[in-house]
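This report concerns only the one structure given below.
First chain written, first letter: the chains are A, B, C, D, E and F, and each begins at residue 1.
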Amino acid sequence: MRPSKRAPDEMRAVSIERGFSKHAEGSCLIKFGDTHVLCTASLEERVPPWLRGAGKGWVTAEYGMLPRSTGSRMRREASSGKQSGRTQEIQRLIGRSLRAVVDMEALGERQISLDCDVIQADGGTRTASITGAYIALKECLDWMQARSMVGGNVLKDNVAAISCGIYEGTPVLDLDYDEDSEAETDANFVMTGSGGIVEIQGTAEADPFTEEQFSELMRLAKKGIKELVDLQNLSA
Amino acid sequence: MRPSKRAPDEMRAVSIERGFSKHAEGSCLIKFGDTHVLCTASLEERVPPWLRGAGKGWVTAEYGMLPRSTGSRMRREASSGKQSGRTQEIQRLIGRSLRAVVDMEALGERQISLDCDVIQADGGTRTASITGAYIALKECLDWMQARSMVGGNVLKDNVAAISCGIYEGTPVLDLDYDEDSEAETDANFVMTGSGGIVEIQGTAEADPFTEEQFSELMRLAKKGIKELVDLQNLSA
Amino acid sequence: MRPSKRAPDEMRAVSIERGFSKHAEGSCLIKFGDTHVLCTASLEERVPPWLRGAGKGWVTAEYGMLPRSTGSRMRREASSGKQSGRTQEIQRLIGRSLRAVVDMEALGERQISLDCDVIQADGGTRTASITGAYIALKECLDWMQARSMVGGNVLKDNVAAISCGIYEGTPVLDLDYDEDSEAETDANFVMTGSGGIVEIQGTAEADPFTEEQFSELMRLAKKGIKELVDLQNLSA
Amino acid sequence: MRPSKRAPDEMRAVSIERGFSKHAEGSCLIKFGDTHVLCTASLEERVPPWLRGAGKGWVTAEYGMLPRSTGSRMRREASSGKQSGRTQEIQRLIGRSLRAVVDMEALGERQISLDCDVIQADGGTRTASITGAYIALKECLDWMQARSMVGGNVLKDNVAAISCGIYEGTPVLDLDYDEDSEAETDANFVMTGSGGIVEIQGTAEADPFTEEQFSELMRLAKKGIKELVDLQNLSA
Amino acid sequence: MRPSKRAPDEMRAVSIERGFSKHAEGSCLIKFGDTHVLCTASLEERVPPWLRGAGKGWVTAEYGMLPRSTGSRMRREASSGKQSGRTQEIQRLIGRSLRAVVDMEALGERQISLDCDVIQADGGTRTASITGAYIALKECLDWMQARSMVGGNVLKDNVAAISCGIYEGTPVLDLDYDEDSEAETDANFVMTGSGGIVEIQGTAEADPFTEEQFSELMRLAKKGIKELVDLQNLSA
Amino acid sequence: MRPSKRAPDEMRAVSIERGFSKHAEGSCLIKFGDTHVLCTASLEERVPPWLRGAGKGWVTAEYGMLPRSTGSRMRREASSGKQSGRTQEIQRLIGRSLRAVVDMEALGERQISLDCDVIQADGGTRTASITGAYIALKECLDWMQARSMVGGNVLKDNVAAISCGIYEGTPVLDLDYDEDSEAETDANFVMTGSGGIVEIQGTAEADPFTEEQFSELMRLAKKGIKELVDLQNLSA
């Protein structure tokens, strides 16, 4: 029995509130249960120096947690003067995941910055960030299309992400914080709407895991991501 | 005529959503029109080194803006590796303002950290932060009192803050961003529930101002702060 | 009775030694009693990036304290790797104060940097800095005028600053360190030669203060600033 | 045909030179073809603050590249003042991988720091680092056992790592730099001597990949890691 | 002919103003011509961690230049967030030089920090700093002796420093900025009152120099340091 | 008797392994006994901003120690976020030393960066770095000459460096770590192949030294540098 009382293949309630920000070209507040992430997309008419003149755009991401988004207060990264290794790892993952579904030539020489800020954390912040960043990015591209800045072909597919883990020997979907802290294995999957795999990360927290266990985690992930993609499309 | 169509002495709609955070000992989401600030209070059973053994507590504050809380995206301070002078100035002001109404002996050797994070900005973020931080602090002290950690005498009074300015020659209350950008003079007032002044900051943006103009700004501020204090007490 | 034995409305002995630096385009050593600040003005034929091509100049300021300018040695900010919040707050105040009396179009596309370095501190370093920076700036503009780089119309007025406070219940002018440490309220005023107010900052250190008390502080400030402006003009 | 002319399941020549450092408690120079990494293990009789008194030890890792280990010179991280996101990601991976095979109670309250410094890079530096760090760690534990500081039960298993990728549509083992730059998919596998999986990271560089492709990469990885573990044991 | 019109073995006018700072335990303003350095000594009743319990004291030094101490304004090191290599090199030299004449056992477990801040620069700031720091240190030790904290045996000898160089083929003593910029060779000498050598640094700016040239520079240095030591003793 | 059993004027075994790096335009691994330094030269077709358009090139150097190159592990500078004063002092010395033998006009508008990374330390790392950097620089210039980028006249002379010291009262050549830790005086000499002096640094570690002692150290240094220059030329 999971602490959350959910069935092994049952996700938390997921909701997406679009157009959350008055200023951003695209935004949403995404909730995976008690994990709440504000995702915004900001358009800039410039690209990083190494892309100038290449006729291609860029998509990048930053991630942050509010100091008291967690059970005990964390030190503010702006105050400590640097982003932790974990923060950098997550924002690199978000950026790679979204770039996998963007046609950079169709975007043109522009950069879209995705900011994923965790308002409240209860496990799965990086997967919620990727799933919500897709919505913010799509809103931004719709905004651009409405202004004839791009065509309708910049996004090649949906992209969404979910975590799975082995909790007391059982593979389960969408870990919350209590489950994640106790899980023997933790894995994150990023997939497209058509089922392609963009990123897999699996880590043994205690004992190593087997290929069979990993396959079962992937099966769960595919189920979860299908549900997330349906929700993304419904919310649009 | 103000861009906001408000009367010179009319504040924006202000709302306070208490208990916004699942984790923090006290929290609220405060809105002054389109300015939205999440305020949390975090209790820690330790004090800064220079207060150890003094039998007194401490209240401190940190302030941040989400990168796309503003009209154009700002650089993330955690990424640039330092807090701007403006950020430091504001968080020092918030801390001083709240400490003015706390009995540190009654608090005991503990620290309460107030985090004010701007989710969306439209002028007046520092005054919204102070007004909301009071609510988060009060919730935190109520939480402590319910656990018999403190008595009911830690808070000596309410504290709230409001901005005023001279817009096209007319003193007006509670500037939004459009008004603030054009104001000739900008002033922030922090006052207690019983009308005492905690902090005054007045700055000439263009031409110097006169003592008479400043008195008129203070009159407006007193009106606004009275309304805010009433709202604080109603929301409790 | 003040620790300094001065009457409530009596300033410390103030002196200005002009042309203190061999290299700078303008400079002075200003002394408010035992508070000694070296102010220099440095002309650069460039403006910040956001002003390029606008046909306007800029005035900026930096502030520092020598490590042993104070009673006990402070850590050197260059060694700790960052400027404190207090330092940034003060240098922003100095910059704003001086810009209030400069006609940026008449200055042309150039930047003048004002460095205020505290050689010895005994309270009131920020107000001495502003008062002395005016002299350094004026010397620099005279130097430029002598070389036909600008006309005589860049400076619109004098600017000077003074602190006031409530010490043992009595409003007093120009606090030294011993008085400042014990004051219940501390306020800084920046005004022009013609009596306009550029900046007001008032802070309750212990109990809140009243509007009447604040008016009395302003009255003292006006008296002090008049004396400082007279001295600035005499020293020219 | 791979640029390296190797068969799809053929690793580069791998060599391990043990005891490379005069000073370190354990060390080796590991070569995967032209990728050369110096791995050292340093014993310290202290643990991180959060482990003090817990009766357990800790293993941590740091990673660096010499500025001209690569085709064009990289900026020295000590000079730029921070470690890149990539560096932090890799050193976190190395640390997790090694901790997976260490019995922290049997180690006792001590920390072993593994430094992996890339002398020359030609792809696969993180997997070479993990494979070599195991040797350095084992040497260090042997050194401690020879001094009766620990028993022979601290290491629970071997651990080694290898990269795989899809190059021109074909899954291949152990990518060198030329292959890695062109690969459509890149995956890193960390496994134990007994075949358990410690960490999986798979990334689509261009188009998403399928579960079948990923299974083939894992099959290659198991073959490669078996060879690396045999080599580790032979070199001992 | 030197730009300064001085004879090859002629120093600039040197003056020492003792007791310059109201707060420091020892201080002086030392002038070598237009080079002016404020030197303070600050006593702290603690030693660096690696000396605790060793029954010995420590002497350390920090060096800084005011931003406009030079012909064109330099960036403030506190603002740029780090001390330059040059600054660190000089403050390490000052510390080593002074430690050479201090009996650390006689000092006891205390640290004296010497701050050398260049108010105005015209060449030779490091040698003026060492020569002046000796005076500040001596004043501090006299202050301590007057309070029976130490005996009269802490200082083992005087220490002073001077620069020499080869200017247009001629060895000359005590270079000012104009001479230093054009010198073919630049050397700094630190010596004790009894003629022992504490530090020698000689650098070829253009062509290498010969042993004979270096001997001539040393001869000049001995003459100059003798004059400085006499002045130190006279000023006491 | 020296701990190393060497005669007072006897150097350690010195070896130079040229072409050590696959990627760099020039490189060597130089060993002075157990001190091993990897030196690489990297060519870049750009110069520092202050040299642009001057028709001249530049040579610069960086220095680093691997964390466990020493007897006890040092903190990694990339992790601590800054280079120590010692590191900066050494890399400035290496750069100056090599620039002394380069004709910058003949090099043309290009920069060569010399990286000296200490793989293993046993005293004398800075002198080994300079001696090895000469080889890397020469290899780089040969590589450029083979591509007709420069003529054969860029290097004006050899340059090499050695340390000397006074150990138990006896002047000795080429101190290893054990000797260096106990030496009363420590001096580093940088000289050209034709015997010109480029840099001299002598420091009294305990008591001051005399001019006679210093002359004896220089005599030893000249002997040692002659041997190093012969070895440089043989290894070419």
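Heads up, the rule we're going with is that contacts are C-beta pairs under 8 Å (C-beta built on N, C-alpha and C of every residue); 3 or more make two chains touch, one makes a residue touch a chain.
Everything numeric in this text was worked out from a predicted model, so none of it was measured.
Asks: Can you list every chain that touches chain D and also touches chain F?
Replies: none
Asks: Can you tell me which pair among C-E, D-F or A-D shares over half of its residue-numbered contact pairs with E-F?
Replies: Comparing each option in C-E, D-F or A-D with E-F, the repeat is A-D.
Asks: Farthest chain from chain E, going by mean C-alpha coordinates, please.
Replies: The most remote chain is A.
Asks: As a multiple of 5 degrees, what angle does the CA superposition of chain D onto its copy chain E give?
Replies: The superposition gives an angle of 120 degrees.
Asks: Measuring from the mean C-alpha position of chain C to the mean C-alpha position of chain F, what distance in angstrom results?
Replies: 50
Asks: Calculate how many whole Å lie between the centre of chain A and the centre of chain B, each centre taken as the average of the chain's C-alpha atoms.
Replies: Here the centre of chain B sits 33 Å away from the centre of chain A.
Asks: Quick one: chain C and chain D, Cα centre-to-centre, how many Å?
Replies: Going by mean C-alpha positions, chain C sits 59 Å from chain D.
Asks: Multi-chain contacts only, two chains or more: what residues does chain E have there?
Replies: Residues 81-82 of chain E each touch two or more of the other chains.
Asks: Once the touching pairs are worked out, the chains link into a ring; list them from chain B, going toward chain C first.
Replies: B, C, E, F, D, A
Asks: Could you pull out which chain A residues touch chain D in their complex?
Replies: 82, 85-86, 88-89, 91-92, 96, 100, 187, 191-192, 194-204, 207-211, 214, 218
Asks: Which residues of chain B touch chain A in the complex?
Replies: 21-24, 27, 34, 38, 40, 42, 44, 62, 64, 66-73, 76-79, 81-83, 87, 113, 115, 117, 119-122
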